[in-house]
Amino acid sequence: MADILSPSAWLLALVQALLFPALAPLLAGWVRKVRARLQNRRGASVFQPYRELRKLLLKEARVAHTASPLFRAAPYVVFVATWLAAATVPLLTIDLPTAVVADIIVLAGLLALARVFLALAGMDVGTAFGGMGASREMMISALAEPAMLMAVFTLAMTAHSTNLGSVIAHHLGDAFVLRPSYLFAFAGLTLVALAETGRIPVDNPTTHLELTMVHEAMVLEYSGRHLALMEWAAQIKLLLYGVLVANIFFPWGVASDPAPASLAMGLAAVVLKLAVLGGALAAAETVLAKMRLFRVPAFLNLALLLALLGLLSHVILEVGA
Amino acid sequence: MTALLLTVLAPLLGALALALVRTPAAGGWLNLAISALTLVAAGWLAWSVALEGDVVGRLIGIGFRVDAFNVYLVVLTAFVGLTTSIFSRPYMRHVRAEGRVYLGGMRVYHSMYQTFMLTMLVALTTDNLGVLWVAVEGATLATVLLVSLYRTPEAIEAAWKYFILCGVGIALALFGTVLTYFAAQHVDFGALAEPGAGLIWSSLHAHAAALDPTVMRIAFVFLLVGYGTKVGLVPMHQWLPDAHSEGPTPMSAVLSGLLLNVALYALVRFKMLVDGSLAATASPHLAGALLMGFGLVSFTVAGLFLHRQRDIKRLFSYSSIEHMGLMTFAFGLGGPLATFGALLHMLVHSLTKSAIFVTVGHAAHIAGSQGIEKIRGLIRTQPAVGWSLLIGVAAIAGFPPFGVFTSEFLLLTATMQAQPWLTLPLVTGLAIAFAGLFRHLHPMVYGTPPEGQQPVQANMIPVVVHLGLVLWLGLAIPGFLAQWLNRATQLITGSSLL
Amino acid sequence: MSLPALPLLQQLVVLLAALVLFLSFVLLAQSRLVSAIHAFAWQGALVAAVTAVVAVSGDVHHLYFSAGLTLLLKALVIPAMLHRQVRGLALERHTEPLQRPSLAIMAAVGLVIFSSWLVLPMVAEELAFTRNILAISLAVVLIGFLMMVVRQQAVAQVLGFMSIENGLFLAAVSATGGMPLIVELGVAFDVLVAMVLFGVFFFQIRESIDSLDVDRLNRLSETAEIAGEDRP
């Protein structure tokens, strides 16, 4: 574990934290590009999200007359909370000083904070769509959060730690073991990630179709830099879940020491893994249709069941006498 | 060995042959002939067991072993099979004349009758616990089509219930069998043991003390629920009254007289293993206690249910549950006296109950209904049927001088010795059952017959033979039979009564 | 004995057994009949895979045969028969949502915990690995029961029955290294005959009550009137 007082370690943590917002639009652009290709379109450049963010950041932010200060503050809170949450996830290396102060529960808490402000902002202006989106978002998260925590606890029980760095380190140090609990936790966490990041089949990030939208409904009233921050936070969240899934379940390549060579190796590995995951996500979104909102609870119950089975199979099958 | 081979092969070939016989009349006669052949073979088998001790054999990889315990059940099974087939021939002809069975149905009936006999005999004679399971499950499969033979909605419902409940119950028994095999995984059977010795009953019995007691304990619970479903123990008895009342009457006779016995036989075989395995633990009598508990509950509940029956075949199927409960209780009680009594009770109950079902078939034929309220004045319309029913019920209710009285007396004595405070519920239960049977019996036999009730053509030979035997067993148990049962008792309990 | 200490092939057995359990849950919650039959077929294939893995790891020859038999019977023949019957009964689009799906799932989770509690006392040497698999098999058996209780449709009940058999096969193969061949053949034969008979019954029930909802088979009860008065 890194020395908590070492300045170089903190520098590394800072770099890693900065990498998240820097890379997040790229992942979003990659997913869009792959999807366009799968649909026989040429699609925009993978750097298109950067251009959109720049355009929005330069534009004037208009705020409704009925909006309260909370409405103005929310984008910043959401962005910062999501960013902080991302900073606790080991991207390149597990050798982080942040790991000492923040574990999985902090991660879940920060994401919940962001979500609360997002929902509040949605309701603040008083339009029908905002409130509708907020209530849907809360329904989804109320079901998704226990599933996520349960999936993560399955991993934590294997590693005897709720610290993400330790979980990955334990996993790296272990020989190759076929763990049914990991399989279930992986499936469960993937479903949760789809729901939490608002992807098909739970939500469609590219549509403004009134009756089905969730995330878009809440940010409908935002414009300019506010909207840019909201969109950026959503992209960071996608990257966060991508890294979580990639690095916990496929930890190969994650650096366990701060040497430049292993860091470069870690970066290359995570980019490769994310490219594959993003491609898989795009393929899934092409094949699947968005489900009706009433079916979403069933979808998330499946995630919960998978996480629960992961926990059970860990206890029954893996601990032994 | 030849006798054993013949005993098993006769019904097997019979079932195949009967599937080809198109005319029902020929089928009936052939069925009778095969049953007679089986009985001869079974008698021969019993003779060789009596003279030379256990008969051991192998056939297509299945080990067979006939000892004192199962040989008497083999003879009983073959005997009841024969007498029922004597009754079944004219009875099914009558049913066919009424148009309730389609032509192909008769072929199914005869073929399945022999298949059922085959599964019963294999279950009894095999030494392999897995094959025992396969045979008992096979018995369900063979009889389920017979229960639905009449194709009425009730018959189909009864058959479905029977299929599902017994299928599921017997699945639990397989789980118990797997657990037994699992418990035997680490037992050293010696260098000569064949692979799969963990399922061979005789090997297991010889090494019972080495079986893991924890596993055996759990296994027995599954086996008890599984085979107990087939025995008809409460609360897994739901299928039994339905299947008995909706199927053809000869089927009810063999179900009650044979199938329940075989399931109980399987339970007793497993109890012997569990007892051996648990002997050194803190609860050596666990299996016995469980059997006693289930037996007593079945005995009492079935006795109470006798009072509210409106269908004559359901009435006597509840009586079967009651008697199976009593036997289960007695085997659970253990000890030479109780075991001897239970073996004797198995014998006399099978004989009496199949005689009663044959009589009931005629009675329902006379009245044109199975409703107890519709059956009236049998003794005036057709004295033979009326008297048979009266005597049969008197015998099954435990009146002296019939054999049931003797066995129940032995059971009560054994209970008084071992668990005096259990005598009271037993006596109360017997009294309740007695009242339950007689309140229905009296109007059926003595009531005023409805206008125009006509006697029917009835074949009372099986009834007379069965009841005569039961009477004989009540007056004096012949020496050879007593010795025979005594050897079985010795095998089960390890100590001799006589 | 914890999982990493086991050889890889046994780990694979554990993994496959866990997937069999998962498919039991899928079977329980699946409301579309055709999808449930597919789930059952997959479960059978997984049980066959477990058999094959046990055969490889223990080098038991008769288990290869038994794996092939299981695959043929449970993953191909029985699902195909069920498919044909479902088509024959025009039930392809039949769905039967559970009354309370989450309650059923929770009950099933409870059964899993119960099974593991039940086998917990078996602590003898070398038994830990097989003991855990036994717990999973028992859970599959019990969930099959639960399925037969919560489903009213005859075909769905038969699926529950067959998945009980899958659990039994799993127990026999993984815990004891397979029953003797003759017993396995006998059991397989019984299962096949049972399936044929079930097929006969589907049509008989349908003819008799014009539906396959077995809850409507309720003519026989302790207090019911004698239905057909002219039956001798």
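Here are some notes:
When the chains are written out, they are named A, B and C in that same order, and each has its own residue count from 1.
FYI, a residue touches a chain if its C-beta (ideal position, glycine included) is under 8 Å from a C-beta of that chain, and two chains touch if they have at least 3 such contacts.
Here is each chain with its UniProt name: A, C = Hydrogenase subunit; B = NADH dehydrogenase (Quinone).
Every value quoted in this text rests on a predicted model; they were computed, and no experiment measured them.
Taking A-C and B-C together, the chain pair joined by more C-beta contacts is B-C. Relative to the centroid of every protein C-alpha atom shown, the closest chain centre, again from C-alpha atoms, is found for C.
When every chain is reduced to the mean of its CA atoms, the largest separation from chain A (Hydrogenase subunit) belongs to B. Centroids of chain A (Hydrogenase subunit) and chain B (NADH dehydrogenase (Quinone)) (each the mean of its C-alpha atoms) stand 66 Å apart.
Chain A (Hydrogenase subunit) and chain C (Hydrogenase subunit) have Cα centroids lying 38 Å from one another.
Averaged Cα coordinates give chain B (NADH dehydrogenase (Quinone)) a centre that lies 30 Å from the centre of chain C (Hydrogenase subunit).
None of the residues of chain B (NADH dehydrogenase (Quinone)) touches two or more other chains.
Among all residues of chain C (Hydrogenase subunit), those that touch two or more other chains are 123, 127. Shared interface positions of chain A (Hydrogenase subunit), defined as residues touching 2 or more other chains, are absent. Of all residues in chain A (Hydrogenase subunit), only 174-181, 183-184, 298, 301, 305-306, 308-309, 312-313, 315-321 touch chain C (Hydrogenase subunit) in the complex they form. Interface residues of chain C (Hydrogenase subunit) facing chain A (Hydrogenase subunit) in the complex, by the touch rule stated above, are 1-4, 8, 11-12, 14-15, 17-19, 21-22, 25, 101-102, 105, 109, 112-113, 116, 123, 127-129, 131-133, 135-136.
By the touch criterion given at the top, residues 60-62, 95, 98, 128, 130-131, 133-134, 137-138, 141, 144-145, 148, 150-154, 156-161, 163-164, 167-168, 171-172, 174-175, 178-179, 181-182, 185-186, 195-196, 198-199, 212, 214-215, 218, 242, 245-246, 305, 308, 310-311, 361, 364-365, 367-371, 374 of chain B (NADH dehydrogenase (Quinone)) touch chain C (Hydrogenase subunit) in their complex. Interface residues of chain C (Hydrogenase subunit) facing chain B (NADH dehydrogenase (Quinone)) in the complex, by the touch rule stated above, are 118-119, 121-124, 126-127, 130, 134, 137-138, 141, 145, 148, 154, 157, 161, 164-165, 167-168, 171-172, 175-177, 179-183, 186-187, 189-190, 193-194, 197-198, 200-201, 204-205, 208-209, 214, 217-220, 222-223, 225-232.
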